[in-house]
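Chain IDs A, B, C and D follow the sequence of writing; residue 1 opens each chain.
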Amino acid sequence: MVSVVYILYGIGALAIWSLLYRENIFYRCAEYFYVGFYGAHLLVLGWESALSIAWTPVTRGEYLWGGIFILALGFILFFYSKTRAFYMIPISLIVALGTALGMRGAIHAQLLGQIGGSMSSLIKATFMDSFNTTLITVGSFCTLSYFIFTRQIKGPIYVIPRIGRIFIMVTVGAAYANTGTGRLANYSGILLNLWQTDAVYIIPVALAFILFDIIWRKTKKNI
Amino acid sequence: MSLKKISGLDARYLYLILLILSSIPILMPLGLPLAPSALTRSAYDFIENLPPGSVVILDAQHSTGYGPELGTQFAALMKHLLSRPLKVVIVALGAEGPMLVDMTFKGSTLSGSPINPDAYGKVYGEDYIFVGYIAGGETAIAAFARNSWITEVDGEQKKPLSEFPIMEYCKTVDDWSLAISVSGGNFEQMVAQWYSAYGTPIIFGAPGVSAPRLYPYIGAGQVVAMLVSLTGAAEYELLIRKPGLAASLMDVLNLAQLLIVASIVIGNIIYFATRQGGRA
Amino acid sequence: MIGDEIVPELRMRDIALLITFTLGFFMVFEYFLVWPEVNSAATNFTRVCTALAGLSAIVGVGNLTRTHSKNVIRRGSNWIPSMLLLISLWIPLIIGLFLTRKDPTYVYLYNNLYTPVSQAFFALLGFYILSGAFRTFRAKSTDSIFLLITAALVFMGNSPVTGSIWPGFQAIKVWIMDNANSAGYRGVIMGVAIGTIVTSLRILIGRETGYLAERRARAE
Amino acid sequence: MVAVVTGRMTVFAFLLLFLVILVYLVIIQGERRKKFFPIRRLPAMDASEEAVGRAVEMGRPIHYTPGTAVLTRMEAPQTLAALSILGYVAGLAARNGARIITTCQMPEVFPMVFEVVREAFIAEDKLDMFVEEDMIFLPQLKAAAGLMQREKVAANFLIGAFWHESLVLAEAGAAAGAINIGGVATMHQLPFLVACCDYCLIGEELFAASAYITKDPVMTSTIAGQDYIKFITLALIILGTLLSTLGLPQLRNLFG
């Protein structure tokens, strides 16, 4: 008995993958469904978090939170529908939080942590370790100097940001490939499901549509 | 055709080549040569050298979230244990364990083809048993070591453990010859509760993301060996000469990555050819 | 509309900047204090903002409904997919809000309709990694030569079959990821951190207001 | 009981350093000097004018998206910087009469995107050309991949904080035959946008872009402030490495 679950799996997956051939009605329906469903999911999650943060405490008798919940609901509904000027008020709260979090994280974890990491001793147990540590320290030094914006660096010193840019390219190449392998493993998992489950019945259907489309477009071009 | 047209056109031909190239190993596993890493080989050798009748614990502590990465490790280890004259006690210390053990026997997209113990001539209750799920994380790890009958009822037929002859050989951790755990975490707890406390040899099945923090345990001799990610599972499948899901997924990964390297090389050859043509 | 005259708009914008200034610096300096009342106030403020941001999904759903229902009524382009969007928006929304996410129909829709599409989108990356590499890894300059050689080496190191040809590939890949990669990575992170801090300060003291869409003088 | 988190004193000292440099430069220097600090060339921003021109010639729309970081996350400053650049690009589009499609994944940011583009059209007296339907809310930004090919966009701006959707959007833009202009500061997506976009703002360049565009004396002086802090950081790295090599790790321990 053909399982509906895997047929739906095949239809959904191949409809999205048909974008690789060209944008078409099957892909568009899958995309519109995807946007619609996740729009609902986003609000369901948002509603759930708002309930647990603000409304459930009311049921435990802490009435302050009920007020904040209604206020939050009112803020969004009232201010957004009014005008740009009013909507700035709820936004200024959220921007204040995001900016403060961004700053705290950036100073402590990113900047100071990385500076500390770049200060290790260049003399290590083995020659290879010393070479690697020197490479990392010099590399991060040059890379950071690439981001100097207001000083036009001329003359021999220019080699430092130039080397910095090369280190950036090495990092980009390495990270592209390393993350790429993970994405390919993902892709092969989906392809495996398509071949080894009842979803396989959708493959010939998809191929038929594509071939028909190629022939139809070729004949239309010749007429 | 100008280079722009070539690269525009080629993207779809590339996708077609990738689809065909990666579908071949799925339909018929090629079993591309895979140099088994030392870690995988030492796990295989340890199990091969276990004296007949040894009690081996196989713990399912992974989850569906890891997909085939851990599911195939669990299946490969189970096939090997069932093909050896050993007493295999399967336990689930992870919440999704019971479902995953069932899926491994019945076959699934996470673990590969079904495993039929009868084909290995093994009898449930005498040669292998599933003692069910024990909740509690570290406390469960410690409790199961102190008393392997802690669930009192087996996970498959829900009958008292006393009715199964195999359990006579597995009362506490002292009876264990080896503890294998396929898991996404709790590694430090298992080393503490099983190896440090009782000296039980341990083999881990770990995802790629956890491997780096486990190498020190192997270096210190607290853990015998480890299977790492899909690669480890594929290598183990080739060692037990039963290429399955992991091997075919590895073939897909190998071919896809070699295709990318080839396309980088060809892309540059086209680039230099047209640039020479353009300049000449 | 009320906001369009100049006077209220200036007042509202200044109030907004004042709120951002006071609450922003309060949240920054709270990080350095062990002061129970202040710390709990900061946690509560974070919870309120999370609730606000969560609820703003109402705005999103409102926009989706308005745009696509207008498209259906007008029989504009793609009105059939728009109808499908409205159906796949409102049916799960009603189930999700009133019967919660644990309801079997919601779980069925999520697992059997949404997840395959979402995973397929994610798996598109497998194809795009290939076409991206083919299209852009061209040895046009010294930079791109370093880029494509490093990427090729790491790809080779990641596919075990090359291990049986020459075990050195794995060793090279491990060395690149541990050393060459972390050198550039650390430099860029420090740059991003400094940029984030100064941009955040510009926003808090009200100098960076591009996000509030202040009317930009016509660039002569 | 009021106390200070001792572990974070170096962080506090660095924060004060930032404030002092910024206040001195912005308030005192920035206001007084009418001329702006020259910022080195940002190819991605110079290319945006050319990309908009190309879109007008081909009669095809521009696509802009300010990334996928909600404002309650650590990456909020990246989204806000992306909105400033959106104002500039929308201004270019309005002035040259190009159609700009803006997609946004974050519900609380969507009204801001709507207003930034609307305000840019008002500033160019082209409010009649502003199309509300082109401001599109997409709960999942990956869905813009199909949109770009349907509309055959000629220029594709991917500026802000991205996660795994960056490569899908970059390659979909390339498939639609668009010029890809990227700008990203989330480290894990830097490889994909730097590799697959024709021009890309790398890391901190995303933050310097809004000052580079406006050429406003105060804004560019804060960029100069960033450079002062970089010089201090570079000096610290040299000093710390020397001390550690000589066996005095005190400075290094200060930084954790």
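The rule we apply is simple: contacts are C-beta pairs under 8 Å (C-beta built on N, C-alpha and C of every residue); 3 or more make two chains touch, one makes a residue touch a chain.
Note that the structure is predicted; figures quoted are calculated from it, not measured.
S.K.: Which chain is in the middle, if each chain's centre is the mean of its C-alpha atoms?
M.R.: Centre-most chain by C-alpha means: A.
S.K.: Where's the contact count highest, between which chains?
M.R.: That would be the chain pair A-C.
S.K.: Quick check: how many Å separate the C-alpha centres of chain C and chain D?
M.R.: Using C-alpha averages as centres, the distance is 13 Å.
S.K.: Which whole number of Å gives the spacing of the CA centres of chain B and chain D?
M.R.: 43
S.K.: Compute the distance, rounded to whole Å, between the mean C-alpha positions of chain B and chain C.
M.R.: Once rounded, the distance between the two centres reads 34 Å.
S.K.: So how far apart, in whole Å, are chain A and chain D when each is placed at the average of its C-alpha atoms?
M.R.: So the centroids are 16 Å from each other.
S.K.: Which chain B residues sit where two or more other chains touch them?
M.R.: 11, 15, 253, 256-257, 260 - these are the residues of chain B that touch more than one other chain.
S.K.: Out of chain D, which residues touch more than one other chain, so two or more?
M.R.: 8, 11, 15, 18, 70-72, 77, 79-80, 107-108, 111-112, 115, 118-119, 137, 139-140, 145, 174, 190, 192, 195, 202-204, 208, 223, 226, 230, 233, in rising order.
S.K.: Provide the list of chain A residues touching at least two other chains, using ranges where the numbers run on.
M.R.: Correct list: 19-20, 28, 31, 34-35, 38-39, 41-42, 46, 80, 84, 90-91, 94-95, 97, 99, 101-103, 106-108, 111, 115, 118, 140-141, 144, 147, 168-169, 171-173, 175-176, 180-181, 184, 187-189, 191.
S.K.: In the complex, go through chain B and note every residue touching chain C.
M.R.: 7, 10-11, 14-15, 18, 32-35, 231, 234-235, 250, 253-254, 256-261, 263-268, 271-272
S.K.: Using the touch definition from the top, list the residues of chain C that touch chain A in their complex.
M.R.: Against chain A, chain C makes touches at 1-4, 8-9, 12-13, 15-17, 19-25, 27-28, 31, 45-61, 64, 78, 80-82, 84-93, 96-97, 100-101, 109-110, 112-114, 116-127, 129, 132-133, 142-144, 146-155, 158-159, 175-197, 200-201, 203-204, 211-213.
S.K.: Can you list the residues on chain D that touch chain A in the complex?
M.R.: 8, 10-11, 14-15, 18, 37-40, 70-77, 79-80, 107-108, 111-112, 115, 118-119, 137-140, 143, 145-146, 149-150, 172, 188, 190-192, 194-195, 202-205, 208, 212, 220, 223-224, 226-227, 230-231, 233-234, 236-238, 240-241, 243-245, 247, 249, 251-252, 254-256
S.K.: Can you tell me which positions in chain A touch chain D when the two form their complex?
M.R.: It comes out as residues 19, 22-23, 27-28, 31, 34-35, 38-39, 41-42, 46, 80, 84, 87, 90-91, 94-95, 97-99, 101-103, 105-108, 111-113, 115-116, 118-123, 137, 140-141, 144-145, 147-152, 168-169, 171-173, 175-176, 179.
S.K.: Which part of chain B faces chain A closely enough to touch in the complex?
M.R.: Residue list for chain B touching chain A: 12, 15, 19, 22-23, 26-27, 67-69, 109, 230, 245, 248-249, 252-253, 256-257, 260.
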